[in-house]
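Chains here go by letter, A, B, C and D, matching the order in which they are written, and residues are numbered from 1 within each.
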Amino acid sequence: MDLAVILQTLLSGVMMGFVYALVSIGLNLIYGVMEIINFSHGAFLMLAMYIAYWLNVMAGTDPVLAAPASGLAIGLLGALTYKLIIKRVMKAPALAQVFSTFGLLVFLEALAHFLWTADYRTVEKTAFSGVVSLFGLRVGLAKLVVAACAILTTAVLFWFYNRTKTGKALQATAISHRAAKLMGIDTDRMFLISWILGGATVGMAGAFLASLYNIFPTIGTTFVLLAFAVVVLGGFGSITGTLYAGLIIGLIENVAGIFAPAFKYAVVYALFIGVIVFRPKGLLGR
Amino acid sequence: MLSIIDLRVNYGKVRAIQGASLRVEAGQLVSIVGSNGAGKSTILQAISGLVPVSGGEIWFDGERLDRLPAHEIVRRGIAHVPEGRALFGRLTVLENLELGAYARQYTRREFDRVLEEVCTMFPILKKRARQKAGTLSGGEQQMLAIARGLMLRPRLLMLDEPSLGLMPSRVSQIFETLSQIKRRDLTIVLVEQNVQESLELADYAYVLQTGRVVLEGPGDVLLQQDMIRQAYLGM
Amino acid sequence: MTRKPTKETLPALPGSSLLKPGFLVPLLAFVVAFPWVFQRSTFQNTAILVLLYAFLGQAWNILGGYAGQVSFGHAVFFGIGAYTSSLLLINTGLNPWLGMLVGAAVAATVAAVIGIPAFRLTGHFFLMATVGFGEIIRTLFVNLPEVTRGAQGVFLPLLESSIKNLMFRQSNTGYYYIILVMTVALFAGTAWLERSKLGYYFKAIKEDWEAAEALGVNATRYKFIALAISAALTAMGGTFYAQWVLYLDPYSTMPLMVSVQIALVAILGGVGTVMGPFLGAALLLPVSEVIRVAVGGGGRGISPMIYGLAIILISVWQPNGIMGWVQARERRAPQDQTGGAEP
Amino acid sequence: MSGRYGLFVMVLLLAAALVATACAGQKAEEKKIVKVGVIYPMTGDLAAVGNDHKAIMELAQEIINGEYDLNIPLAKTRGLPNLKAELQLVFGDSQGKPEIARSEAERLINEEKVVALLGAYASSSTAPASQVAERYGIPFMTPESTRADLTERGFKWFFRNIPYDRMAVESQFKFLAAVRDKGINVGNLGLLYENSLWGQGAAQEQRGLAAKYGFTIVVEVAYPKEITDVTSEVLKLKAAKVDTVLSTNYINDAILFMKAFKEQDFTPGAIIGLEGGMVAKEFIPSLGKDAGYVLTTATWSPALIETKPIVGKINAMYKEKHGKNISAYQPHAFTAVMVMADAINRAGSTEPEAILKALKATDYPGESLIMPWKGVKYDEKGQNIYGDVPILQILDGKYEVVFPFELASKQLVWPAPPWSERK
């Protein structure tokens, strides 16, 4: 195998890595703060993709520019999910929590099917088409833009999480609800914020991804299992970890794709199990 | 300043506190002593809103606390340094202190001044500012927990077993610190297993047994009581 | 006194009113008479699905409900059971009943191997690991065509109709009674388990792993036992499914959705209770069927919408499942009685 | 106390609801009606297909029961003249699940008393549903399930109109051989396929036929169909110096691969698909000009709307009703209704054995089909032997027939121009 292929594979892996990281961050945020797995995360992603798609069809908005709108909308959906469902099952057994978000997943996917049918849709009017060639390495411009947006969004979130008072309070809540309360942190508000942020990031991710993928009601499921792997690998509650884990999974997926494409997700899951068993706090967990 | 009237707390069927009344006057250091499971920690948790109150009332400066959520109570100026310290181990010492001031809307300058003030009491924390809280030694962690509570500039400081699990030399250091804090006219509620020291320090003290106040009085008076001496001091 | 439904206020046998003859005898009479009363094949097929999922849900319940280890990977054991007996039948002509036992043994073995790493985990981590194993094993089934015929799947040969062959050509009644007997036996076994030492150990592990260890219960060992029993039973359900549908492939027998459906039946019914999985299956499957018939074929996803909504509502309002509701009524019942005695 | 009775009442109510909803469908027995059952996925992942099929099959039913001036058997007369009855299609929803397909087949046979079954799109549903039909001795016709061994089960009651995968793959290789005979360099083959039932089966056929026709396969890339990134798969093809790609994809992955081919500047001489994604209605709209030069087998082609009058007429009727053209596998569903109705009419009876006999004697004329086939005639396994599989190429944004050469609507372009030279 020549060097060019290896480099191209690595590059492609890194690009996908950023995308996976962005898709996963919201999941991690919510789990980190509340210890609730949001199974409907994939449906959030799917809805965001549809928002970007319809904005493109109706107003000609480029999907990348639709990100704020879809981020806002899905952030709101996150808030509603928290207020209407999660808050009511917080004291319930963990199983009820799992199934409430699972029910939401089924509901939202069916809703998308009802509203927009099962047809595959593709964003047709995009400003970023064509291919960028650099030292013989080739990347689709759209993918490059998506990766850049993913990095930017992650950076902003990172800043928010580590440099603002609310960000610190979120971290404190993630570490211990009780200790956070003793600091005068309104944990209920932090839960709400984590759902809003979780929704908003996956909402933006969905808009970015809309230009790369076909859009259909069950598209989210494809990503969400990988997102779980990313979150576990990176360690719960760690944004940096999620970023690195996204990169690792992107790379593994691409390298495995060269050698045994049929097994590539199996390799990812095997690694994922290995990590949770031997390093339950994540590869980079503290 | 703080008055607790006929407080009752249940955990499921277990009645942890079954009608306890306590008073804390401004500027006092009040000790609560009692054996394990007597309900000492539960009283502090009830005050700071961590456990729901099943009956009775808690008043603080003319305001009823027992209906408020925990974060509102902290905003009233009540700092609770819980048993086991509840530090944010993944965060740095400085970040822990910042979070201690979360409920206060300090300006940058005010924050720096409060931080300076607290750090003069615990110089070691300044040295460790960038270190993760989880990597500190037990004594240092306790210092940090107290310092974090002080960052609130509390009107009432509640300490739960500050000396628990520390080496004897560290224990005396903690009590040294406590008396230092006391000198600054802060109102303090102290829950301690080291009955001797805590009573020596206390202006007033309560003895708890199975969720009830069985004895109360000024610290030095209680220290003379036979029951205390037999039950807790082994004399 | 508060009347919150806490652990301490539960009766010794939760939901026991559903285990009394007053409820069981009419229920049994109903299920035994069912195929004679309802001869339409829709009813019979739905009833078979209900019983099959009650069986699978109960198998899941032993691990997930009693021993408290929540798995989202049971489709693997289901698939292993279905495949083992079917491949043995095709390749060696082994009787499906024997194949069922072999499948159960294989599933238990695989379960034990999975358990070695997975039982180092708890809670959400264990759950995620079972999802991962599910995906890995399904991938293996797809990609080892020499053994499993890969994605091509397996057609079962049509044998003569008989109980011995576990195959009936014209009528569903045979299938119905076989799965009925299997289900009743499993439910009786579970009722026994609940009172047995083993069941007690399981519950101890679920409530407090460390305390169980401290009491001298070898928690890990009993977790393995629960997993092996659960996997073996699930595999038996798989064999029944294979003999009934007569066609298998990894995408339709082993997807995550089957794992979730198995767990869902038990959870909606009420985990850690004997009757829970039956109630869950009896509610969930016919309801989705009724919605589908009522809304019509071209429903464009209305029926899954209602289904999803129903799951959300149940988890919000009755997080302990249908049995939670039954138990709440039972707790109220004695008070009603005393209330009635007073003038 | 009332808890357990409440529950019991609940169960009974449920049963009552079932009875009520099921009975609602049972009335209007006055008119003489012949029922044919249809099983398709109406909900779930494949719902779009099922609903599209239902729409066009209802059109077929209308044509049979009404009077239309079309050159199709039964069109000019009302209903089934030999039985003096109307045809009624009864639809069942498989949800795309084998066990539901099985249940629906039984329901249609036992409760709706259908005389024949059509369906069920996915081979994994067709297999169990047709097994039920076999057990009950009712004819089962699949319009579009292509899995090869469906007709290898030795079933007496099973019929298939569509040329199955082996025939389509055979067509790919006949085409390759013909191209080679013209002096074009076909070069090394690479197999690219989605790793489930369909893709694995196609690859198996392709391996066998490559050996038979003397072509070399240098690389095989099987990928899971839920794939999110295909760059490494494309690199693998590129690194293996593949000249011709035989590509078996669903629509989602087909589009991802085409995008990645372009991104990685991978231009094989030809990309030859096996229907599926390459003929899906979204393929050309999603890719625009990047879909150009793709070759694919196709049992049906939209080009027929213009080239074959009968297809144009049916399409016009469909378009008037539903506002869109017929596409992909819909014509197969339409054809199945027509062929089955014709057989029942010829049988002159609703006795299964009579219908079976009529089906076996089927020789449906090609000019009455909205398919490009010579006709419909079954071999002893129930496979339609007249199903030809032409090869289409996407030229100027349209599907054009390029093979067999004598039927070509446009000249084949091989090799495809490199990405950089496309306008």
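Following the convention adopted for this analysis, a residue touches a chain if its C-beta (ideal position, glycine included) is under 8 Å from a C-beta of that chain, and two chains touch if they have at least 3 such contacts.
The shown structure was predicted, so the numbers you read here are calculated from the model rather than taken from an experiment.
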item	value
Comparison of A-D and A-B (more C-beta pairs in contact)	A-D
Chain nearest the overall C-alpha centroid of the shown protein atoms	A
From chain A, the most remote chain by mean C-alpha position	B
Geometric centre distance via CA averages, chain B-chain A, whole Å	42
Intercentroid distance (Cα basis), chain D paired with chain A, Å	36
Averaged-CA centre spacing for the pair chain D and chain B, given as whole angstrom	75
Gap in Å, rounded to a whole number, between the CA centres of chain C and chain B	51
Residue numbers of chain D (touch at least two other chains)	47, 195, 222, 224
Contacts with two or more other chains, residues of chain C listed in rising order	139, 142-143, 300-301, 303-304
Chain C to chain A touching residues, read off their complex	70, 117-118, 120-121, 123-125, 127-129, 131-133, 135-136, 139-140, 142-143, 256, 260, 264, 267-268, 271, 300-305, 307-312, 314-316, 319-320
Chain A contact footprint on chain B (complex, rising order)	48-50, 69-71, 74-75, 79-80, 82, 86-91, 95, 98-100, 102-103, 132, 148, 152
Chain A to chain D touching residues, read off their complex	1-2, 5, 8-9, 12-13, 16, 113, 117-122, 124, 131, 138-140, 143, 212-214, 216, 218, 221-223, 226, 250, 253-258, 261-262, 264-265
Complex contacts: residues of chain D adjacent to chain C	1-4, 6-8, 10-11, 14-15, 17-19, 21-22, 42-44, 47, 50-51, 54, 91-93, 95, 97-99, 102-103, 106-107, 109-111, 124, 127-128, 131, 134-136, 147, 149, 153, 195-201, 222, 224
Complex contact set, residues of chain C against chain D	17-18, 20, 22-23, 26-27, 30, 38, 40-43, 45-46, 49, 139, 142-143, 145, 150-153, 155, 158, 169-170, 172, 241, 244-247, 249, 251-252, 279, 282-283, 286-287, 289-290, 292-294, 297-301, 303-304, 322, 325-326, 329-330, 333, 336-337
